[in-house]
């Protein structure tokens, strides 16, 4: 169960309205790696964790924090839209800044949400649960989390450079710090599990049931052998169970597949139509 | 530029048709962490890599291999659908197996694709580019890749348990091995970059511009303190720049947000309608 | 900011596993009118409300409760999947119940989420923010809320009939009661605003700027005049500003539209190609 | 069955081209609450109505009218795009108006539709049937309709303010009036059903099967008690069957959920990996 | 403007309920090539046609008919769901037919639409405007139409085989005939335009501006030369302006692309991190 | 299996950066008829083709080429974004060109992809497999392909007009030529199959099972008889099996549908609530 307090986790007040930035900031609210995504990802991972303990608690701690981040950014966007000018194309003749606002702002933030934040990204795609992962396997999921925090902090850093509004930057500096913590914490949790389980997910699948002769092989399928220089092409494998090897000219292990014709009730191209065109045509229909 | 050879990378021949499994196998073809996803993710990462070298080559090697995996699974699915019985509900009365096939197979694999594979997941959601990531930052993206291979191998392992068809299992054992390699290779590439860059993405954002006082803090926002036991709650941080700390009773740093009313042209709820209901109503419309 | 307690708002424990019902129950978790939808809808409406007060507080109270409902249903689904049999098509021969489970359960709840709840509906569509509304106009939005609670309670009632598991029904009876309250509360809030504002949204748009001669007219555009019997076809309009009237044989007020040809750089069908086919063809390409 | 006449229901002719407004106007054509949505919503509700009569006829009357509204707006958009300048970035140097057009218009209206309307919203999201509701329960659905007409008229009013083109405003004044009627008519139909059925949907679900002790309770889950002032917090409930009450400090009725571990074939995190990290590691793989 | 008559264009009455077929039939209602798709595609093409005349009229004739087809199939689906048994998993033990119904029917047709048709396909994907095309170029669009009618009639034929209900087959035989006409009519319209314009769309783009040396070349990019046998590999081209030729071993005409590094504010992988791993690391962070 | 060479199939180098055009060019990369669509469409058609031979080989040849086109356009977009100015709204005051760039570029190409191409269209919609068709029937699918190449070449021609960058135009001239070939080749393949099979898909469905009396009838469902002039309204049908005829005043062949009430467990509007409102109300709830 959840309780809400009215105070924001951190300040979310820009120095001045900026509808163009309000559009961009949507990326870290409702984009693929925005706060809605991490909030939903951590909560679902937490709720699905079988067996309680510190990992489940960590997921619920962080998931709850991310709802607060959604709240902060939503508040910031509403304020960036505050007093947004009601501009028409005719006005642009007077001022290139107005031209930029006409082009660079999201019309739905006026027409649809009435100067409010929306659960969308910076080009207006609605948030979708296709963005998140919760598999039940914690090592897999913590890797999803580390990725999400990495992509997310990267986007915050890029947005930081796109504004010089001190209030906006202040909030972004908070998010950057929290993403530093969250990368660190998932990293720590991953190390712990890798140490116990080994690095390959899932660690419990019997090793002898996989085709082990290609478990450590790099197939050079793109011309040039720059990839042979990498750590992944020779030496012991990272999981400690094999040796990397590099196949410069990979060949096919399978054969050319032949699919049988479909049965008549499927109404595919009939077989006689696949014959050579200089053969006499068969009668097709009465 | 790409060249195709007709031979499959590995065998893709089931022992017998199984339309129920054909539906399930779609998950690793067109699902969130299926082969289309990794194929598109690696190719886009490769094409967008600025500066050539071993990482770009590795991405193109692996992306090219994943197209071959899409091909193998598509072939397997078509063969699992081969000779699928043309069953009606009336037939079920004779045989629970037919009942299971009616319920457990994907009707689109007959109606839409004519007994062929589709770019969809195991419940029929069409593949979407919302699944993939290509940010330009290699450390972030390799973490996306390690996640994708972890989730993907997990799903293959689960599917392996859901069939006892030796031909299907043979192909899955190939995919399991390749996913072992791909987890190992992204792991190796990540280690290399982390060693050079540090673990926090992006590593080049100036540390002093983030709110450093909360860069290593775990806020206990979910009742109970199980999460305080973790490596992430005390001791040096994983990035080596700080010390983890745990805040048992986190408070808000921001204040209660007040948003100004919207301008009249937005046609929000008018201010006078937000007054107390026992005040006399204002005239609203002429 | 949000705090989580580990206890559920209400019990979520089925009497026995039932993967077929676990699939159906997803509808009120991640479907169009499921708990994720109302949670996100109320939170976004609350965060965007300009001017604080009782309405904003009510939205945050209810939005916070809905997160707890997501949590309860997610927990219930995981338990319904507990110990779900690992069945294959071959097993169906023994037992029609197994056949039903094969067909009636969602394969992603095994392959993707590892026997956990997913943010999807009962056929597997991922939750999308296209489901929710937050316009900034409270009367409009409370109508969206009343609709959501009506559709939602209807679905819970239908699901109640589809199971005889006492534990599941116990949780559903909680949700039914809460939806009763939520319909009542939005109804109360709507009445209050309608009394102040009048019923037509937005109430502040100047009445004289709309084409008032058709503001209370029912056009009979579907053959038969059953609709003339309704309250909406005669008598004073509901908003008190007009009189309903019924036009039995509605005519067009506009004319046949003619669109000018597109400029050449659009490469539409050329004008000369739209001439009569028995005219001599113009030379088209050098 | 449907017949088409070439004349538009009302005029749809702008005074001059305006590609920036053509992009915005898409919102009420192909957006969440645009004319395609109400057209499809009413038609599907009508087709699914079990038992004919005035409600079904009203749905078909209004659904048929909405197709005409789609037609009018599509025509208006094509004309707004008429003679849209073929501008390049280089041209912007001469004129901020051109800069605004470059930024504020939808490139697909040139590249994809050849200066025609598209079934998309004002940021280019394709129309999706996720927007509509047709449940078979008329009271629920009429609430969906009242909401759709409220959100829709609000958006039209906002768009009215964003242009000073007399021709565009003339068409919008028609739509505003029709939305006034449609809000009135669904309101009338709702009143009729509420009077017969009571206000809670579905009205036929046995009252004693819901957890009646919380059917009229407001849980104060967001800090502060502003919501206690509302009509919904005390006094008789709107449905006449209970009394509203307010719980200032709501507690959990359920307990902390414990989920059993998943079976081995799910390949979740193994139990031994969830033990304390300072325990000796178990051997994990052969 | 549109008028509706209550009579269906053709009968839509099954001999008996069949919820499993009701699910499958959704494919031609709300699927990629279902009736909603052709209805919307023809109407939008008609509304966007610049310059009136027989083509626009034909589009409006056929678009109006398709609304009637949506209506017929929606009616048929509601009747197939009529009296659908309210079955639970426990019932399956008695009867494999019930098992088949549990698995083979769409739960949303009970939970969401109350035994009504939905704007979805046979696996429950919501209809999306991503399915349709309306480019303004009639030859391109008539090809889209011929394709849609071909795919659509194919699906109807497959569905015809999946039932032996005489009432359902009667309706499908109507749709098969209408699709025969629609294929014929778009074929006729295409022939007319091709005769005037030539076959390559758009016909007005200046021929000398394309890279004509590869305008009639087949590149053999898939191992094996079976494709060299085709009409497309030699002889005069179909458009009459060139000669087909076959390149057995195609080479690249471009060079290896090198992308410049991104500027620092993008926070990509820093250049020094791309150096060899055995070089001494640069200091990365202050 | 696939091999990659590093060289591009053709040059992809612009004369200068142009982020506004980079956004537009996305249409033919990740749009409905962009290169990802044809690549996936041809590959899936090829993999699903039952029975090998020249058609399958042609599909694999062309599908492989389209991957190279995705690669070329992705490279071009990255270069168009190269050195894109890092502009803020404040900068616009100095220069309308900056205003145009602010408005006309896609913010995700900076925030999300770090100046790289994305699998999206020109307004940012993510690529979806809903765009493609692979039915197993070659004649149907080749028509889908001819349509895709027609729509695609049309879009390339429009984009060609929107830039004067010689490098961009050089690449587009290559794509225009290849689309000329691909239209020619699918046209040739279609002619071959039509000659053997007849033009109506599927050709093998027994003609006597369709309602032949309306197989060649044009119903005039849109007022006005311009469509009667067309080749499709009289004379022998294109398939050679009938005679076109034109019905000026089409009537309904079916009757008014009546749907039975839903069973009680569906909780639809109760029957007594559908009675006349001036009847005395029945007691509804205990």
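Every chain is named by a letter (A, B, C, D, E and F) in the order it is written, and numbering of its residues begins at 1.
We adopt the following convention: a contact is a pair of C-beta atoms (placed from the backbone, for glycine too) under 8 Å apart; a residue touches a chain by one contact, two chains touch by 3 or more.
Everything quoted here is computed from the prediction, not taken from an experiment.
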Touching subunit B and also subunit C, the following chains: A, D, E, F
Fitting subunit A to subunit D on CA atoms, where both chains share a sequence, rotation angle to nearest 5 degrees: 120
Chain pair repeating A-C, as identified from B-C, B-F or B-D when over half of the contact pairs by residue number coincide: B-F
Of D-F and A-E, pair with higher C-beta contact tally: D-F
Separation of mean Cα positions, subunit D and subunit C [Å, integer]: 7
Separation of subunit C from subunit E, taking each centre as the mean of its C-alpha atoms, in whole Å: 26
For subunit A, residues contacting two or more additional chains: 1-9, 32, 48, 50, 52-53, 55, 60-61, 63-64, 68, 75, 78, 86, 95-96, 99-100, 102-104, 110, 112, 114-115, 120, 123-126, 128, 130, 135-137, 139, 154, 157-158, 161, 192, 202, 205, 221-222, 224, 229, 231, 252, 256, 259-260, 262, 265-268, 277
Chain-level touch network, classified as line, ring, star, complete or other: complete
Residues of subunit A touching subunit C in the complex: 1-9, 30, 40, 43-44, 47-48, 50, 60-61, 63-64, 67-68, 70-71, 74-75, 78, 112-120, 126-130, 132, 134-137
Contacting residues of subunit B [partner subunit E, same complex]: 1-6, 48-53, 55, 86, 88-90, 92-96, 98-100, 102-104, 106-108, 110-112, 114, 120, 123-126, 136-139, 192-193, 195-198, 202-208, 241
Complex contact set, residues of subunit D against subunit A: 18, 20-21, 23-24, 27, 31-32, 95-97, 99-104, 121-125, 154-155, 158-159, 161-164, 221-224, 250, 252, 256, 258-262, 264, 266-275, 277, 281-282, 284-286
Complex interface listing, subunit F residues touching subunit E: 5-12, 32-33, 52-58, 60-65, 68, 72, 75, 78-79, 82-83, 86, 110, 114-115, 125, 128, 130-131, 133, 135, 137, 139-140, 143-144, 146-147, 149-151, 153-154, 157, 160, 169, 173-174, 176-178, 180-181, 183-185, 187-189, 191-192, 199-202, 205, 209-222, 224-232, 237-239, 244, 252-257, 259-260, 262-263, 265-268
Parts of subunit D lying in touch with subunit B, wherever the complex brings them together: 154, 157-158, 161, 229, 231, 265-267, 276-277
